[in-house]
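Each of the next two complexes has chain A plus one more chain, namely chain B in the first and chain C in the second.
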Partner chain A sequence: MTDELRKNATRWAIFATVAVVVVVSLLIGGVSDFKATPVVMKVYDTIEKMPAGTPLLISADFDPGSEAELEPMLRAILAQCWRKKLRVVVMSICSVNSPPLAGRILKESAAAHGAVYGTDFVQFGYRAGGSAPILALGQDWFAVYPKDLNDTPSRELPVMKGITKLTDFPLCLEISAVSTIDYWILAGNAKYGLKLALGVTAVMATDYYQYLATGQVVGIIGGIAGASQYESLTRRDDLKRASESGKDGGLASSRMPTQSAIHVAVVLLILIGNILYFMGRRKAKA
Partner chain B sequence: MILHLLANTDPAAPPTFWEGDAMSVLGVWASVGFTLALYTFLYKDNAVFKFAEHVYVGVTNGWLLWQAWFASVKPDLVYPLGRLIGHDVLRRPQALEEGDTWWLLVPAVFATFMLLRFIPKASWLSRWSFAFIVGTTAGTQLPLQVQAFLFRQMGAMLDSPIKHGEDGGFLFMGTLSAILLFIGVISVLAYFVFAVEHKGAVRPVARTGVVFLMIAFGAHFGYTVMGRESLLIERVQFLIGSSMAKGAENEPNPHHATVWLLIAVVAAVVVLEVLRVKREASAKVEAEAAKGPQA
Partner chain C sequence: MGHLKRTVPLWIAFIFGVGLIIQYFVPHPISQKALGMTQKWLVIVVFVALLLGLGSLLQSHLRKIKAQSAGWGYSVVTLTVLALTVAAGFHPNNDKPGGPLLWAYTNAYSPMSSTMFSLLGFFIASAAFRAFRARSLEATLLLCTAVIVMLGQVPLGAYIPGVSNISAWILGVPLTAAKRALTFGVALGSIATALRIIFGIERSYLGGSE
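Right, the complex of A and B next:
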């Protein structure tokens, strides 16, 4: 037991430090207000320029493991959509897990902003096959989705008025934690010229920056930091509503001070580790 | 499936036990308990963690199977084929819906072929399904892959490095970015050319490539750490009962559960560890005792 303690003491001390920092920082609370980077701003501005009634496609492709990062950005985007009176159409090509998760967020956000199902927004289910459903949606939306998640015929929904295929959407927002983004770039953008914006986990963000230079993607919201920047933009333009809706205006922003605190703790731990290492080396030489 | 059967299907009826407050409280306590149990792995691999891990894997697979059947296979394949059989074969007054087509038999047959891998004598039929998938993927995606991932990327790199904004003004950062992109691509490619020895003029270019690679890996690692921290923060927000982590309005606050279950989980880990140490010690004594007479 003593050997085990000696062997793992450093590791456990690091875990304990991070745990204390996270708990204390969250109990103190606070909301960050970061300036949005141009890549995040581009997503916001593209939606902001859309006139009321424009249909916006959101492909919600995440599961419980990535919900912590992607839920805040979906909420912030939805809050903007409700304010702009856009028609929101949500679908999934990632897994059967995605529709229930996205559905919960959609329902809560719509209820907080008075959006009506069928008129202001609609949710379609999961379609398997990677790029195959995207290719098919480009030909006929109703062949892929004859009904919504509530079993209502899609053609009868007011929110679907004027939409017959993928290219009827001026923008598709892919909120994803997996490689479904590649399918959208391949089948949505390369095949049909669909304008794409991405909301991705921090791990994936660096993989998709090269698509900004080529114009295949208009903007990227990366991880909780990107979501927090998006929230600050939403708050800027709609202070009252953001404060009323709570989570939609500050879920990521409430997490960023803690994230910064962890970063400071990690940097300090690295410094302490290096000092101890060099002291030990000097002692060994002496 | 049992939960589905027990769930109330009539929206006007009062909520059942499975939809009511008791179930909501049980759900929150289970979430807190399993979160804490999984975090005990930070101490070491232990019985409490193992229990939570096995339950998690089992529940996840059960949920996925349930969702796949009720949200995908049944409404998209079983129901349409059922309606078609009723209408076209049995000649019943069965109304067809949009999307009902006998072509659904094709994916149904291929899907069945895939499952035949479990029957050795018929497993060869699964190759037809895989051949279909590989063939269609290659046919539909290869041209698009080359177009989207190769030509467009090469085009951006070979484009003029002098960038202008929408108003025609010179973009300093855009130009700098384009120049860095060009230098980065050439130098990293030079680093990965192993046919030429990294000597003379090639050496500084390849070394520059290494710098670009290190910066890329660093950015990737930094973002990865940030992603993992986000997951931790969300869980702790939930455990301490932050209003930001709260789900539905009527969902109970989990902070009471956190206190009691933290005590229970720590106690369980300590007791199981003490028992394990004792068991190992007695096994060691027994082994030495058994070795003694032989020596």
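Right, the complex of A and C next:
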């Protein structure tokens, strides 16, 4: 077998292993009950301490590529918001792809919990320019968003009562799969002192741990694991239902067994790779 | 002409650079008003930059198609989809449920984008298999760290004594320290580059050989 052929065979064997592990674990199913870590608990506790009627800003900055990780996260947070009767204001600075995704999740979650558009929640559209809209929102909300996504004048919406600028929100939850988080940290937090909590994809989470110690970010929900931990705090009834019915239910906790299986498979692949490496080295020495 | 291409942009960069640095430290209403005005300008500049990007995209792909260079078929697909998307944007119900833009988004963009992201899982597994080899002390440390953090991120880690705590410590202490050092380095580099642009030392953004 030539080196090229061996390399290709190894790659295909790895791909096949990953595919088999994913398919089998999906077929087996199951729901994980993942205890929340302190980093996730901080986000939960901050929202939990808010009195009813407090406005909460959510910047939904994700697209279909990261939807699988961030959708359950947004749903878990919204479940807490509806229970706490907070006023939810959703906006986007990532791309034109974000508002349709966030809008669907928002509408479905609100309908399930009886939240009313315009009174309990509102959605604003995408604004380009990175940190520019954040800086402008810090001066005058209505200059950036004179109307919501339904073309209703923002000032006429009951949910916007008492809100004139960014600092009227005690917390902003940035749910993102891109570097818009940096804009929120630099423009929202550093410039206006806006308190931030992050919901990010797993690969991005490690980039933002540095802001936890400085207090610039109150907490981080990272990837499916973070979303699953948040569900264990806010969607216990849904977890129980999914566990009993064996149906996915769109929960992150239903995806955790697959993620666990893949992590174990990757660790085993690393071990096998090292065993083969040392065997090859011994053979070469002999 | 050289004056317009070189001296004027340099002065614009200098005035706005210095002006906005001063503005940051002045909370006076006039200063705030000036900031608001420049932010509106910034949004307009970003929009014009998008138009320039569109022009550049058209130019580059049309050149490829004309020369029939390698992969020119993909350029045809790109431009066709671009034209269809722009045309859909002019439809009266373009962003309403059932409208052409939302239909294309739900039925084409969304599944394709998810598929692309899903492929990452396969490539990460393949890369981990080949890259994480205990060739040296540093590589072994990297390997052990990766394994601990990976297991610490899933419920299984909770059943292996110490894994969750060590994983949390790795993320909270060495990772934070290293990332902070990197962030400071990048920030200092950015400040130096910004100053070079503001004072006209760095001129490569003007194009040409300088």
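Note that the second predicted complex is superposed on the first by the 248 of 286 C-alpha atoms of A that agree within 3 Å, B and C clash if a C-alpha of one lies under 4 Å from a C-alpha of the other, contacts with A are read in each partner's own complex, and residues count from 1 in each chain.
The criterion applied here is as follows: a contact is a pair of C-beta atoms (placed from the backbone, for glycine too) under 8 Å apart; a residue touches a chain by one contact, two chains touch by 3 or more.
Here the structure is a predicted model, which is why all the values come from computation and not from measurement.
Of the two partner chains placed around the shared chain by superposition, chain B is the only one that A:Pro153 touches, whereas chain C remains out of contact.
Touch criterion not met for A:Met41: it reaches neither chain B nor chain C.
By the touch criterion defined above, A:Thr206 reaches both chain B and chain C. Legend: residue contacts after superposition of the two complexes on their common chain; A:Arg255 is shown touching chain B, with no touch to chain C.
In the superposed model, A:Leu269 makes contact with chain C only, not with chain B. Touch criterion met: A:Ala128 reaches chain B and chain C at once. Touch criterion met: A:Thr10 reaches chain C, while chain B stays clear of it.
Taken together, the two complexes place residues 15, 18-19, 22, 65, 67-68, 97, 100, 128, 130, 132, 135, 143, 202, 206, 210, 213, 222-223, 225, 259, 262, 266 of chain A in contact with chain B and also with chain C.
The touching residues of chain A, counted against chain B in their complex, run 1, 4, 8, 12, 15, 18-19, 22-23, 26-27, 65, 67-69, 95-97, 99-100, 104, 108, 125-126, 128, 130-132, 135, 142-143, 146-147, 151, 153, 155, 185-187, 189-191, 201-203, 205-206, 210, 213-214, 216, 222-225, 246-247, 250-251, 254-255, 258-259, 262, 266. The residues of chain C lying in touch with chain A in their complex are 32, 35-36, 39-40, 42-43, 46-47, 50, 95, 102, 105-106, 109-111, 113-114, 116-117, 121-122, 124-126, 128-130, 132-135, 143, 146-147, 150-151, 153-156, 158, 164, 168, 171-172, 175-176, 179-180, 183.
If you check the complex, the residues on chain A that touch chain C are 10-11, 14-15, 17-19, 22, 32-35, 37-38, 63-68, 97, 100, 127-130, 132-133, 135-136, 139-140, 143, 202, 206-207, 209-210, 212-213, 222-223, 225, 256, 259-260, 262-267, 269-270, 272-274, 277-278. Listed in rising order, the residues of chain B touching chain A in the complex are 42-44, 63-64, 67-68, 71-72, 75, 97-99, 136-137, 140-141, 144-145, 147-149, 152-153, 155-156, 177-178, 181, 216, 219-220, 223-227, 229-237, 240, 242-244, 247-248, 277.
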